[in-house]
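Shared between the two complexes below is subunit A, which pairs with subunit B and subunit C, respectively.
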Partner chain A sequence: MQVFLQTFIGGVSLGAIYALVAMGFSLVFRTMGLVNFSHGNVVMIGAYIASTFYLSVKLPFAVAMVIALGLTGLIGVFIERVLRPLENKDFDLMLIGTIGFGIVLEAVAIIIWGATGRAVPNPVAVAPVQIFGLRIRTYDLVVLAITTAATLLLVYFLQRTKRGAAMQAVAMDHEAATAVGIHVGRSNAIAFMLGAALAALAGGLVGPLLYVNPSMGGMLGIKGFAGAILGGFGSIPGAIVGGIAIGVLDSFAGGWFQGYSDLVTFLVFTMIIMIRPTGIFGERTVNRA
Partner chain B sequence: MKYRIAGIAALVAFAWYLPYQLDSYMIHVANVIIVFAILAIGLGLVMGVAGQINLAQIAFFGAAAYGTAILTTRAGFGFWTAAALAMLIAATIGLLVGTPALRMQSHYLGIVTLGLALALTNWVTNAHIAGGAEGISGIPAPELPGIDLHNAYFFYYLELVVFLLALAFGLFVVHTPLGRKMRAMRDDSLAAGAVGVEVPQLRMTAFFLSSIYGGLAGVLYAGLIRYVAPESFSIANMFLLLAMVIIGGRQSLIGCVVGAVALSLLREVLVDYPTYAQVAYGSVVVLTVVFAPTGLAGLPKRIRGLLRRVGWLPGDTGPVPKLGPFLPYAETPRPAAEPILRIDEVSMHFRGLKALQEISMTVNAGEIRGIVGPNGSGKTTLFNVVSGLYRPTAGRVYLADKDMTAASPHVLARKGIARTFQNLRLFALLSVRDNLLVALDQTSILSNWRYVLWQAGVWRHDQSLRAEADELLQRFGLTDFADSAPGELPYGTQRRVEIARAMARRPSLLLLDEPAAGLNGEEVRQLSEIVRSIRASGVTVVIIEHNMGLVMSLCERVTVLASGRVIADGTPAEVARAPQVVEAYLGDSAMSEDVPEIVETEAAR
Partner chain C sequence: MFSSVRRRAAVLFLALATPVVLVACAAPGSDNNNKQNTEGPIKIALVDAQSGQLSSLGAWELKGVRLAMDEWNAAGGINGRQIELGIFDDQGDPTVGTNLARKIAAEGYIAMLGTAESAVTIAMAPILKESKIPNITSGQSPGLVAVKSPFLFLNGPTSTTYDETLAKYIVDTKGIKSIAMITNNGGYGKGEHDAFLKALSSRGVTPLDDQVVTTDQKDFSAALTTIRQKNPQVVFIGAEEVQSGLIVKQARDLGLTVPFAGAAPQGTPVFVDTAGVANAEGSIVSSPYLSNDINDATKKFAAAYKAKFNEDAELHGAKAYDGAQILFTALKNNKGATGEALATAIRGTKHAGLLGNFAFDDTGVGIFATTIGLIKNGKLVSA
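This part shows the complex of A and B:
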């Protein structure tokens, strides 16, 4: 039982990161129907920028994070701008285009930061909390708190602000949204920017948990994406639940199958998604003849 | 044609004499390029031709290479036995990876295939039998009597022969019924199902084909390098392969090969700067999808178009293509008035929305039945239920007394239901002739064994289909447009192509969904002539239409829907006077004589 709970807690912490990644995927997808396959690499860039400003420039961790959020947000805007001609036309092509961006981002990271990775020290150097004999790292609590705050902010933005409402409208029907005077391109750009900022948040936070290296984006991106689909693609609560579920699944697979954990995680994921392609919360797709 | 044969001969001669010009390093590079070219053909077939996103091609490759390695070094099999078994393994994995395609498409398929590819890499890096991170070395070279395949130069010729056969087979598939159905499924899987294409089985076939190519490449790779390690089958290499196919032009197998050669050479030139090579090909992928989605293969056509616009090449000077007259079908005696379609208490709910509520109606053989009703009354939903796109929430649908409620679209199409769509669903990248050819082919997926064992049979079948297509084109006056893409045709002509495609199935029941929408007066007149002739040939027609003039003159019986219920059923004259119909259309204070005119203005939009 002890081991079970400890594994579970470990999974939730990494799952919170996956949830942030998944939210970025879902936000972009619900707004413009696009899957951003370079999202994982944006996470990696965010991790590098945050760690650079934290380690080399010696800024406080929080300040480094804010800078990383801003800079990666700009990358998001750039990607959206380049791919804009394809929007609402050919999704498979756009998807491949984002894979192209991912390839470039990874290479650029190697050019700037080198092929070897770096370890980021824990910014919250406090002893782990002990509850009922379970050890919980303080940093994990920080990650959970920030994830919760980011989710609440995002939901507030989407549901309570005019800009957010406009994005929801674009998500439902981009033509009708244009007709009532919403700038669809700008709305998509904001979605992409927010998605990239969420990726940077995930990247910055994951730095102290994992080893920061140029190829970390692949696995984080794929697992975050799997989380988004598991929860129900395009749904914000779905992204949270799905991301944490993937984290927990991963953690148990790691505990029970050691090196084969990825194999088990993806096989289980494939089976779940075969049985219920719309995920836990379901995706709103209408197939019209 | 003469130039093309000369070009092919020149290329083959070039490939044949190439090794004489290469040193021992460059011949190795050439050998690896051929392996990638075979892989790229496989990926082109599944992604470009069949439209299935497949990020596991590298896993098929890896499975076969590792299969060969394990079976030769650990189990002591000879190379060719191991190779055959390894191909079998790759094909099995291909079918497994393809299974999710039955349930999901596009990005879902992307992530699932990518995940499964990662799972395989994960297995080989950990499994003891696969040698872990170090991989397996000491794979024996394949043996052929009289040829020393340890020699990279001789191996080149083995690869070249396999490659040419693989390419020829791929091109053969693309240009014959199997590939045509795949392309149709890529362009519009719903419409493909409606003309009888077995979409689920075809998706599996596509994955199977691509895994065979992956397997072939893997076996050659194992025999060439005689060493396998996990990093050769990494996701980075998968993306490189994807880049080859996209840059070359995914819809053209030749393009895929060109892309593979071009990117491999680029990588070779920048071999000391692998990171910059990565930046280069990643950027080219982005530029390709934005500016030249057809890739290198589409360039000649684009350049010709550009030159024509500038005026350096003469434009089309031939006669302007014209829509010919419709040649009526031979009349057959009217069949006995037995029910051909019976809809029994069908309801269709989308969550809260009740689109159809307990609809019952019977259509007799040889009838032209009109279905009218205000927008949103459930007419198209009814068609979708009958043609198998939706499974009704409740109720049954009988086709000539057989319960067909849960059948899939392609099964219904094979039972004699054909349909058109309200907003035109032609296969956009296929020519008009190919659109008809897809529908004309009535063979089942099982007959594809002939592709392996009896290619001449496939060829002959294709020729007979083409003859039928020419006849059909002639009948519908479309001969001038046979080679045009549907999108280039006037709207009214596109509508006619869709009817021709539906009739290519030789259906017993034809469902027409607003066939007159957007047509001008003359075209509507021609349409009613076509529909009458179709009926006279023994086909039962059900027609959804807003053009009341057409409905009144054409149909013997009219069913009126409103808010998902049948509110009237009878002869046109009866229905037009029924007070509930008048109310549904106009509100209760209007005069019944106005009905046709007012609805006509709506149709004329």
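This part shows the complex of A and C:
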């Protein structure tokens, strides 16, 4: 029982990170119908910026995170601006464009920070919380709290603000949205910016849990993407549930199937998707392509 | 020379950005070399992970090789010919490795140094054997020996040696019999798993627990909690630097306080940084190169390394330096012969290196001893 619960806790902790990554994927997809394949690499850039300001500039971790969110958000805006001429023209090219950006971001990270990577010390150096023989890292609780706050803010923005409502409108019918005076390009730029900021949040938070290096985006991107698909691509609650589900699934597969855990994780994932192709929350907001 | 290095740097950069395009460019027939050529620079390939999670190994190896090469070139090269180093990035990926093996064969490199990843080297070995290109690797998996290629040599001991020394220390010297294992299922981890298990069973010890993780795994809660419940006195790790560090860090968070034991990766600064200095304290390490202060040769090497790269030398740089010295010595003694003659020359080279005295046997292993060290305050010291 103790192993079971401890495994669950370990899964939720990384799952919260996957959920943040999945939210970024979903936000861009629901607004533009585009899968941003550079998203994993944006996570990596976010992790590097946060760790640089934390380790090299020696700012407090929270301040470093805020700076990383801002700077990475700007990178998101830049990516959208470069790809904008392709919007409504050639969607496949836009898709390939995001793959290209991913490769460029990895190369840029190698030029700036080198290929070797760095370890980020835990910013919340407090002993783990102990309940009934279970141990929960204090840092994991921080990650969960931040993920919850980010989700609530995002949902509030999308449902309660004018700009958020405009983004929903673009997602539903971008021509009709244009007709009523909504700037589609700006709406897309905001989606990319928020997506990149979420990526930076995930990257910055995962730094102390893992090891920051230029190729870390691959694994996080794939797990986050799988989480978004599992929850229902385009759905924000789906991204949260899907991301955490992938983390927990991974953790249990690791415990029960050891060396075959990746195989089992993705077999289960494939089976769920075959039974329920639209994911748990079954939302497919756009199909613009 | 300088422009050549710059060109290599540009090629390396391109290789990172567009591996697919580059591989497509390495068409057969694009080589303009002549294998009997005894004029011009001697082309040696260095293949390693220069990107990805294993890239610190590649960076160390490159530094060790470059130090040896610059010393030889400054002294007039090999029989008057300069050494030219081609640097290739295998990304720690066996598939990329096999493509690179074909590429270095096509481009007329006469020998290869690296890789530091056993799985990649094992994948490349058949192609290098077919092309008759001798390869001195930094890998240490017994799987390298099992390939049985007469062109494959190791610049250090295999896991069998590392883990025999480790088991001897833990079981025979310390009298500890309750031992748990956690290893990954990659080329290196698998080799460590089998070698340590063999060393234990030859002493009549059965591990309390034997957990296997994947090379990509990041969360070890299940494995480590299971291990903690078995209450071992020592946990053996068979995984690369970063993963070992993550395992130890998570183990301490999960309340597993006993020391960890392992081979070369656990003696590196990357391991200590990833785990955290306090968490790594007391780790038992089996290594053929415990510190830079073993003898005059290692002190000289460490000083030159520090002067050139402004960082402290460690095992992997030293191994690579030894491997490069052996290759260059063989080339010198053999008047720049290539192919089978060069492999025979390497096998016959007796070298007093930083790791000890190299004398290669038929399996391509030249050194058979490691010593035990402990991590104290983030540094590896003799036990």
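As a working rule, the second predicted complex is superposed on the first by the 279 of 289 C-alpha atoms of A that agree within 3 Å, B and C clash if a C-alpha of one lies under 4 Å from a C-alpha of the other, contacts with A are read in each partner's own complex, and residues count from 1 in each chain.
Throughout what follows, a residue touches a chain if its C-beta (ideal position, glycine included) is under 8 Å from a C-beta of that chain, and two chains touch if they have at least 3 such contacts.
Given the structure is predicted, the values throughout are model-derived calculations rather than measurements.
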So, on subunit A, is it clash or fit between subunit B and subunit C? clash
Between subunit B and subunit C, whom does A:9 touch in the aligned arrangement: first, second, both, or neither? second
Counting only touches as set out at the top, which of subunit B and subunit C does A:229 meet: first, second, both, neither? first
When the two structures are overlaid on chain A, which partner does A:48 contact: first (subunit B), second (subunit C), both, or neither? neither
Quick check on the superposed pair: does A:262 touch subunit B, subunit C, both, or neither? Answer first, second, both or neither. both
Can A:61 be said to touch subunit B (first), subunit C (second), both, or neither? neither
Is A:273 touching the first partner subunit B, the second partner subunit C, both, or neither of them? first
Go through the superposed model and pick first if A:101 touches only subunit B, second if only subunit C, both, or neither. first
Contacts of A:85 with subunit B and subunit C, given as first, second, both or neither: first
Once the structures are superposed on A, label A:110 by its partner contacts, choosing first (subunit B), second (subunit C), both or neither. both
With both structures aligned on chain A, tell me which stretch of subunit C collides with subunit B: 6-14, 42-50 or 222-230. 6-14
Where subunit A meets both subunit C and subunit B, residue numbers: 103-104, 106-107, 110-111, 115, 215, 219, 259, 261-262
In their shared complex, at which residues does subunit A touch subunit C? 2-3, 6-7, 9-11, 13-14, 103-104, 106-107, 110-111, 114-119, 121-122, 128, 130, 135, 137, 209-211, 213-216, 219, 247, 250-252, 254-256, 258-259, 261-262
As the complex stands, subunit B meets subunit A at residues 51, 53, 99-100, 103-104, 106-108, 110-112, 114-116, 118-120, 122-123, 125-126, 190, 235-236, 239, 242-243, 246, 275-276, 278-279, 281-286, 288-290, 293, 350, 380, 383-384, 389, 421-422, 425
Interface residues, subunit A side, partner subunit B - complex: 35, 37, 82-83, 85-86, 90-97, 99-104, 106-108, 110-111, 115, 215, 218-219, 222, 225-226, 229, 233, 259-263, 266-267, 269-270, 273-274, 277, 286-287, 289
Which of the residues in subunit C come into contact with subunit A in the complex? 13, 16-18, 50-53, 55-56, 58-59, 91, 184-185, 211-214, 216-223, 225-226, 229, 242, 245-246, 250, 253-255, 270, 273-274, 276
